[in-house]
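See structure below.
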Amino acid sequence: ESTNLNKLPNISFKRLYVDVKTFSCVKLSFKIGILYRLYQLAVLGYIIGWVFVAKKGYQETEDAIQTSVFTKLKGVALTNSPEMGPHLWGEEDYTIPPNGEQVFFVVTNYIETPNQRMGFCPESYKVLDGRCKTDRDCEKGESVIAGHGIKTGICVKSNGTCEIHAWCPVEHSPLPQKPLLSGAENFTIYIKNVIRFPKFNFTKSNVLETDTVNYLKNCTYDHVKHPYCPIFRLGHVVSRAGSHFQDLASTGGSMGILIEWKCDLDKDYSRCKPQYSFTSLGVNNDKSVPSGYNFRYAKYYKDQNGKTYRTLYKVYGIRFDIMVNGWAGKFSIIPTVIALGSGFALLGAGAFVCDMILLYMVNTSSYYREKKFEVINRTELPKGTLCFIKAVEKK
Amino acid sequence: ESTNLNKLPNISFKRLYVDVKTFSCVKLSFKIGILYRLYQLAVLGYIIGWVFVAKKGYQETEDAIQTSVFTKLKGVALTNSPEMGPHLWGEEDYTIPPNGEQVFFVVTNYIETPNQRMGFCPESYKVLDGRCKTDRDCEKGESVIAGHGIKTGICVKSNGTCEIHAWCPVEHSPLPQKPLLSGAENFTIYIKNVIRFPKFNFTKSNVLETDTVNYLKNCTYDHVKHPYCPIFRLGHVVSRAGSHFQDLASTGGSMGILIEWKCDLDKDYSRCKPQYSFTSLGVNNDKSVPSGYNFRYAKYYKDQNGKTYRTLYKVYGIRFDIMVNGWAGKFSIIPTVIALGSGFALLGAGAFVCDMILLYMVNTSSYYREKKFEVINRTELPKGTLCFIKAVEKK
Amino acid sequence: ESTNLNKLPNISFKRLYVDVKTFSCVKLSFKIGILYRLYQLAVLGYIIGWVFVAKKGYQETEDAIQTSVFTKLKGVALTNSPEMGPHLWGEEDYTIPPNGEQVFFVVTNYIETPNQRMGFCPESYKVLDGRCKTDRDCEKGESVIAGHGIKTGICVKSNGTCEIHAWCPVEHSPLPQKPLLSGAENFTIYIKNVIRFPKFNFTKSNVLETDTVNYLKNCTYDHVKHPYCPIFRLGHVVSRAGSHFQDLASTGGSMGILIEWKCDLDKDYSRCKPQYSFTSLGVNNDKSVPSGYNFRYAKYYKDQNGKTYRTLYKVYGIRFDIMVNGWAGKFSIIPTVIALGSGFALLGAGAFVCDMILLYMVNTSSYYREKKFEVINRTELPKGTLCFIKAVEKK
């Protein structure tokens, strides 16, 4: 019997597989062995290339950014209507609200209805619910749906609309085709954005240290020449987002200014810089729905007798939303260990999965199995090896 | 010896377990085998049912939604106070701020204090710190805590309060029990919400393509009949959130309008639709703390002599917060591979855990072990199997 | 042969390792066994200590907090300028916007330019683009960059600046060194924050049930004595954030008030309490860039003839951002099972990794292997054990 054992060939493979179906002892063929090694290489590549290099798995990350945005517009525009005379629009007028918020609106066009007083006048013909043929169409005390006042019960036949108790006269001017503040294209927005990553106690501003006061006074953002200048020309923002300023300006629209911070805090402080991008938020695929952005506000005055009158403005313009996203990473021992550990676990699980696939799936077709595996013959093996049963069965 | 081997019964089980304690060769009993198969079925069910069907594990997801909300209110209300005469409230008046923001306030009730001028008058008796008995209670130059002005050092005994340097007369009218703008229940909010998933470059608006201008002019949101109409009646919003409009309207409150986008981008574009829901944000379990929502603002005027006077408004109303959440998924090869891989890993890990439980835990009680395992007898096995040692020990 | 088997020593170790290189049967040495047990202890400690106790892995969590913030300021300040006379600033004046928002601005200093009318006057000398030597420097119709109006083509030599069509006279007063509203330090902010965790249908307010109306009327926040009082003194907020109020007040700045909710809903309702912290958002490391926070707004009036004039305010102050974060956890069966399962999987994977390390890596150096493993001699083992081949090879 010991001679039998001495006949054992010099077996150099590393794993013996017990075939699940036939209980035979098999050895992986060279091809399968190569495949297995390739899998291991892929996992190692994944761990090193993806987890560590691309995803920086050794870093602790923070994406709960604290951010504060302050905006300031600059520029003036002169409008000159025959009724109202010249009017100069400064940032205190065209920026709504004026207090430097993250979301703000810039007036580019408007309809002014001056000297409205409480009284009785016919509803605008544009309001469907205000139209009438007889007094019965105007029920007294009811408000006009989507209209300007309360019906008095009288139908003003000359106008074809109900008389209403309202601020009179009601708004009736058409919207100027050419935006009244077309010069808004050259207004500039100064954006100051201070971010903070509380986990790392890291604070930075988009106004970089290298920016001197002189630089800031003269630069305007340009994605090639001045990618870090925090001063943006309105026209440039709109055109970078793929829209046309004069189109937007006449009926209004909505723009997003995105500020992205991707900071690798293992690198130098000065390399953590914002990236600006621009997007049009008001895109509407369908033309049947009215787009545009407008709203109304009124300025109230009192005359010598203490009677109130007002000027109503329907303003059209562009709303800017400044959105700040951020992400910071810094080396930390815990995520490194976890990344390494899960990498090894993946290697291990992979080995298991590999075995399962090889043994369960591959031998479903016996042809396949016989090509892939080399069954070690009983006579070549001493009694009592892992594969003995098979040998017996074969016999 | 070969005859011995031939006696080997036709063994059909797939796994032989080496018992860790006695080093015996055991085979799982039928019951345990069934349990094991059930576990594998459960894992497969989890992978297919939960990971793939319910959680759509084959999709790349995006929940960093870019969103832009524009709101517009419609409706008018006429108030008629004996002092101030009739006043028509349009959206430019009752919407604060008027510029179509995501968070806005609708005035439903107010206290008006007209014609205030800088001067000297007694503090309101409602202000605790303003009450006095002698002049010594009113230290000159100190401001009244939670009050309206600066103490002049005089105690107005007829009133029981200090004289103050303030806008006079101070606010004193009571809040009207019935909300002055009770008609606000029928005001409507038009909400336009454009969302964008930057990862998929997918843009959509809650104003659907199927909505024509005529539909939009006539519809109002109803969760059954018009679940996609973007026009909401204030009263409906409040009642859907479980509150009573007239209660809220008299002292104010806070409402949330939630817009949820769950978009499976593997399906048709038109199937990505918003879901609206409503919630009351001002719920206060405790009645001892004053609830409600109010604030003050003033309108400033100048008389013929250039002297400033003002009308102070303390407005009560409902604040609406529009909150947008979103999620989009689209087939991608990477998450599919990861989901499959982790499923297989789970199967593998499960097998391992199963073995551990069976072999480590089950045999802590030998009774248990003997019931669960069938020890294969030495005489039934050829020499040299996995289980040889046990067989020897038994002998 | 059966005698051979009887010679088998009483083997008490639990695992036999098939050495991958030499195919020998090895047993772990005592030291390696200890290491292995330590690893298992570490994993168990990790599962119990970190996953269950520290991270509460048995809980379902929710961090999509719904939040509504309402703020109200209290306090008055009297300013007295020689030109404009006394003016009392109440919360309706110094809070911008006045409607109780989450982000608001408190005026602490200002420059007032009264009685501006549309007309022609020289540009301010501070504006670089407005300076001129001859008329040719002032091209007619061009707006002054970062200036106040439109050039008329005339150079006002006495002033050294172009004449402009603008609101005249232009702003020229210097900023008062001492903030005009220095008393703002004692203003108070009342913050009402209602949060909701929709997954758990849990609603709570930062105004706690234990706070009575009397308590709220008298308390102010103090991180030691009154950590849950929702009323904050402006000066206290600024000093807790590490800034000096009077510095900030004169040129403006930006403050963050953070409200953090960490709620373990398995515990009592009353133990879910907010934590307040304060941070300065306007920190600028670099002194060359102008810091501060200011903006302009105008109040418009009409005289007896209906002509418009205005008062321009350039206000400096502190912006407060109220940021709410929250997290809630509650026991749930699914995360418990997942945490347990992944713990076991980790144990299993660990065992696998351990084996891999021991067998693949350790025996790369044969010295190491021989120290760590004790090869079980052939003579001590019956034929047909796992380790038979090795025994033969050794021979």
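All chains are identified by letter, namely A, B and C, in their written order; residue positions are counted from 1 within each chain.
Following the convention adopted for this analysis, a residue touches a chain if its C-beta (ideal position, glycine included) is under 8 Å from a C-beta of that chain, and two chains touch if they have at least 3 such contacts.
Predicted, not measured: the structure shown is a model, and the values here were computed from it.
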Legend entry - Numbering shared by both copies at the chain C-chain B contact, with half separating same from different: different
Legend entry - Angular offset of chain A relative to chain B [C-alpha, multiple of 5 degrees]: 120
Legend entry - Where chain B and chain C are represented by their mean Cα positions, the distance between them in whole Å: 19
Legend entry - Two or more partner chains touched - positions in chain C: 97, 301, 304, 345, 349, 352, 383-386, 388
Inset, instruction - Name, in rising order, each residue of chain C that touches chain B in their complex. - result: 1-2, 5-6, 8, 11, 14-15, 64, 66, 68, 70, 72, 74-78, 85-88, 90-93, 97-102, 115, 183, 186, 194, 196, 198, 203, 205, 207, 209, 211-213, 216-217, 299, 301, 303-304, 341, 344-345, 347-349, 351-352, 382-386, 388
Legend entry - Interfacial residue positions of chain B with respect to chain C in the complex: 20-21, 23, 96-97, 103, 105, 118, 128, 143-150, 165-167, 254, 256, 258, 279, 281-286, 288-290, 293, 295-298, 300-302, 304, 306, 312, 319, 321, 323, 325, 345-346, 349, 352-353, 356, 383-386, 388-389, 392, 395
